[in-house]
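What follows is chain A paired twice: with chain B in the first complex and chain C in the second.
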Partner chain A sequence: MDPSPETLLDLHRRMVRIRHFEEAAGRLAEQNRLPGFLHLYVGEEAVAAGVCANLDDDDQISSTHRGHGHLVAKGGDYSGMMAELMGKATGYCGGKGGSMHICDLDLGMLGANGIVGGGVPIAVGAGFANKYRGSDRVSVVFFGDGASNIGAFHEAANMAAALSLPVLFVCENNEYGEFTPRDRTMAITDVVDRAAGYGMPGAIVDGMDVVAVWEAANEAVSRARRGEGPSFIEAKTYRFYNHHGVQTLGMKYRSDDELEQWKQRDPIELFEDRLATAGVLDADGAQAAHDAAEADIEAAIAFAEESPLPDPDNLLVDVYTPAAYSGAIS
Partner chain B sequence: MSQAADPAAGPAVGIVANPLAGKDIRRLTSGATPISDAVKIGAIRRAVVGAIEGGAERVLISGDRARLGERALAGWEVPGSVEVAEPHGWHTGRDSQLAAAQFRDEGVGAIVALGGDGTQRDVATGWREAPLVPLAVGTNNVFPIQTEATVAGFAAGAVASGHADAAEVTWQAKIIDITTEGIQRAEMALVDVCLVRGAFVGARAIWDLGSVSEIVAAIAEPDSVGLAAIAAAVAPVGRMESGGVHVGLGCASANARDVQSCRHIRAAVMPGAYSDIDIAHCERLRFGQPVTLSGPGVLTLDGEREIVLGRGERADATVNPDGPYVIDVGAAVAAAQQRRYPFGSAVAGR
Partner chain C sequence: MTPPADTDARRIAYGAAFTEGLAQMMDADPNVFVAGEDVGRAGGVFGSFRGLNERFGDMRVVDTPISEQAIVGLGTGAAVSGLRPVVDVMFMDFMLVAMDQIVNQAAKLKYMFGGKATLPMTITTSAGAGLSAAAQHSQSLEAMLCHIPGLKVVMPSNPYDAKGLLISCIRDDNPTVFVKHKRLLGLKGDVPEDLYEIPLGTAQVVRPGDDVTVVTYGRMVHEATSAADALAAEGIECDVIDLRSLQPLDMDTVVQSAQRTSRVAVVHEAVRFGGFGGEIASQIAEEAFDYLDAPIERVGAPFSPVPFSPVLEKEWVPNAEMIGERIRALAAA
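Here is the complex of A and B:
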């Protein structure tokens, strides 16, 4: 039942690459070297890594405002990401999208999304197209507990189940919608309780245990590829930093004790302990993965900082489709 | 909640509800029933009604992150003294273990535990000889019983209050104790302990039977579902029978002591799934007779991966007779009704 040793090392590498990207982005933001909002994924790495390790490049994901981790886990390029965060022309979206709009269609990343819940119908639409075309692609939507209260989620979940689409719903339940605890906005504790209401199977997994996430996603992705329709996974997880940025805003919406308790279950440290016990990766091997990620991120930061800002002449490029921009549609 | 046992406070029933029961990966692997919070909240409420009707003057409900107890009591004129304990905050089965221990310390006379085999194990881990109504509200239910929460609560209330005599309406369940050098805390199972290949607990439930190499079962009844069903197919052991059974799987493995004795079976290894199994050997176990399970591998307790054994690490699994006192719901209700409402007790003029 365990993933192969190769998969275990791959899961570790994906998590480490997310962590180093996010820590670097956080540092840069603190130093005012990054413009705009920044929603960091630190603490939640096991979810993106455990799910995306089950996907091929042409499987699709749609993401959230906290989307860096999803793209890194899907194989995203550090340099293009960091340049995008800095608003540079070499970034994934030419520097015009920023943190919340990164996409990479070559990797099936259909986009981060600044609209809470906005990614859900996008992934379901991709699922519809995949089924219509008879492909065996699977689409995955990552969304938060708060997004599950949004109308778009409910419509899309209903459609995915009604049409038996190959879609995996991954709810990253980190217990807070921005600064509001879940129990102030929902009468249920487990978002997965909603899955049965739409007629799709759902399960809870420990979102701090990458092997648990991998196992559940493996089953759900297999179901989708076999044509058995959508599944729902609720990963219980936690963000170690604030809703946006690194520092709190002085709002005590969650306690230090609670944060500390979750940090005791740091998904990377937990996994490294278990990899060592299993004889798959020792401390030196783990450190080598961290060093490699750190070297890559330093190179990406240098690339991004040396890159030019977008040319003002391109202000309207990518705003409309080329056809509409040229007036061809009228 | 009061911290010390207070007999003067009157007979008490404890309700342990596990917010995680009935929600794991088996809903994806084999179509196991999803158990929503709403199901548990309704069952808590009905068990409270029953417990008070059965004679409890206090009902204590385990606290948890999902606030099942608070939600059960919300907007309800509760028909007696009902409290929800402070949650222990582990957000795991350990919460149920601590709640059961706390209820014992507070003088609770009987527990109603809502969950599957895993939840019942947690209660027994916290309070080994708990007077218990194990109510099936989980994924796999070998140990707990299917009955209505109202009468489950009543039976617990009847035992706690003495309206039903515990000695007459309970039977003592078996327990499988796990001892390893590395584990300080008591670990146990109520149904089965297995050794599976691997090094990770992962999503805890097991569904790939190819990874199971050994099973020690205290209960292996022909209508069991789960790993116990494998043992039941070759050597059934009833829950009230003495001892247990040890089964080795995989005729091509080191377990195959004698090829002639290998048997091929199919069994319901989890809700909604049958698997082909090769039985390499099988032996009956006496109470107190340890079976040594050697790593590397993972020990499952009542079907959930719990304890990772490294290479060279070993654990002993021993079936013992001194588990929870299981309350026979029908017998407890009958005894209490006869004692409380004898012939000639009709109220004149009603």
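Here is the complex of A and C:
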């Protein structure tokens, strides 16, 4: 299926919003204005955008330590995100979670995750709930190439296939797990090869091409909605920053040349060229999208900065839900 | 890092002392190898394995996939097959992914096999809060491990102990867990250049005193010591004991001190409820009840996951001030 012009603009907007959020977060981290670890998604925007444009608010996703992009793509609110990154009371998790646990359950975003692979079984559980209720909702799990080496991924992939659950596995293969290249930790080149072992269809897509991602996800999501079970997409992509933090050049484990080559294929620039050629969005239109995102992010930063810190008296709040059976959920 | 002329001890960091001890054991014993995530080319995410891959090669300093269960399993299988593995689990929180291999396999093989297996494996890891790393990257889970017969557990507080305890762990023929504290990695101290051991199960009095016994380990040794220093100005002298090794546990040193001071506080960073302090407190109650003038005080983190926001985390991690307050009250009780 070809994406409509509205879809194309939507894809552009989602990518631009991710980029501006991440660049702003990077700047704040450089100025020591964000506590904790920061894993930026810059370079990989086409994956989250292309997939999430096929989802509604009540479709679920589970995410990774590199999760801001997934939440933005799912419609996440900049202010709540920025406030969470700053550890403020107004943040998505009230300051208790931070970057690695950012979530929005109203948008079906079941959380970034500090444990590699931790989100994979959770998405499968969400898929089970969807099937159980007889709904046509689907769940999507985003995970890295590195995460495909952990047991939780393999158990969950097998289970999703065995139970024929409406789940889409999206592997963001950026060729590295932290500071170690993929070829030192697996003997295959394409993570998608693993899908066959679990009996689910798999496809490789160019993760820098948002339309390619959108098309592949569209097919897989439709298949899941029709009750035909899980599928697997491997998106070949690249992160433009270091594993965490904002360093770009001069890294021991990957060459500046390699980075430059990938940057030539910046997913947003590629797409903007294509949109201009197709007459869908010209340079001014694209700039307007960037300006709008930047204005929003500035407002979100101001909101976050002005927001109160969490009250230490709430330290022990939300460890448990008060015990009360509320009956079957209708 | 120039060694003083009259001694071979130099001031080096806790992390560097760990690296040095490991390198010396690898030099000394060809059966010692290291495996873990990013430990090879990258030298470890905390720099604790820096230079080892270049020096010992890919077969002895192994970059593994992100597969904690298989990493510990690799160590277990290699250990029963005659090697002496050091396997690294980057953050202590990730040990939970490998719990079957640690608890059901490594800890129990020897016993289940009627003594036939020997398991000289060391699991190294990094624990602790204080970096705004949130709930899945900040835990201190030692109580879970100490509860498992078959495992040994150490938590060094300083560079000298880090090196000596690591060497003892590697030389030990049992599965040992060596827990660094992330916030101590840069701490400098005197460390001899030679290969030396600190026997597992030997506590150390780091600050002598007659009024209150303070039993602690890991990073809390420093918080407890500064609390004790402040209390000394008020005339309260603390006997601060660094356990160093939790399993085996040197209760003799603790009980002797408790009998002398009659007042005991146990301090750790881990969650207080169900924490290792409960074990120490009950052993003191069993061994020295008649000597005590006050209930044993336990200081530990409140009963919640580790929060992200620095304001909350600061409230969560015990610090010198909180510890001092509790000891002051204990001394007055």
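Structure notes:
By our rule, the second predicted complex is superposed on the first by the 318 of 330 C-alpha atoms of A that agree within 3 Å, B and C clash if a C-alpha of one lies under 4 Å from a C-alpha of the other, contacts with A are read in each partner's own complex, and residues count from 1 in each chain.
As a convention for this text, a residue touches a chain if its C-beta (ideal position, glycine included) is under 8 Å from a C-beta of that chain, and two chains touch if they have at least 3 such contacts.
As the structure is a prediction and not an experimental result, all values here were calculated from the model.
After superposition onto chain A, partners chain B and chain C are found to sit side by side with no clash. Once the two complexes are overlaid on the shared chain, A:117 sits against chain C while remaining clear of chain B.
Of the two partner chains placed around the shared chain by superposition, neither chain B nor chain C is touched by A:77.
Of the two partner chains placed by the overlay, only chain B lies in contact with A:203; chain C stays clear of it.
Once the two complexes are laid over each other on the shared chain, residue contacts for A:212 go to chain B alone; chain C is not touched.
Applying the stated contact rule after C-alpha superposition, one finds that A:44 touches neither chain B nor chain C.
Contact with chain C, but none with chain B, is seen for A:93 once the two complexes are overlaid on the shared chain.
In the superposition on chain A, A:272 contacts neither chain B nor chain C. In the superposition on chain A, A:315 makes contact with chain C only, while chain B stays out of contact range. In the superposition on chain A, contact is made by A:186 with chain C only, not with chain B.
For the pair chain B and chain C, the model built by superposing on chain A gives 16 Å as the shortest CA-CA distance. Of all residues in chain B, those touching chain A in their complex are 19-20, 23-29, 31, 34, 36-38, 65-67, 71, 89, 91, 196-204, 206-208, 211, 308, 310-311. Those residues of chain C lying in contact with chain A across their complex are 37-38, 40-42, 45, 63-70, 93-94, 97, 131-137, 302-305, 307-312, 315-316. Residues 1-2, 183, 187-190, 192-193, 195-196, 201-206, 209, 211-212, 214-216, 219-220, 223, 231, 233, 236, 261, 274, 277-280 of chain A touch chain B in their complex.
Remark: chain A residues 35-37, 87-88, 93, 95-98, 100-101, 113-118, 146-147, 149-152, 177-180, 184-186, 252-253, 309-310, 312, 314-316, 319 touch chain C in the complex.
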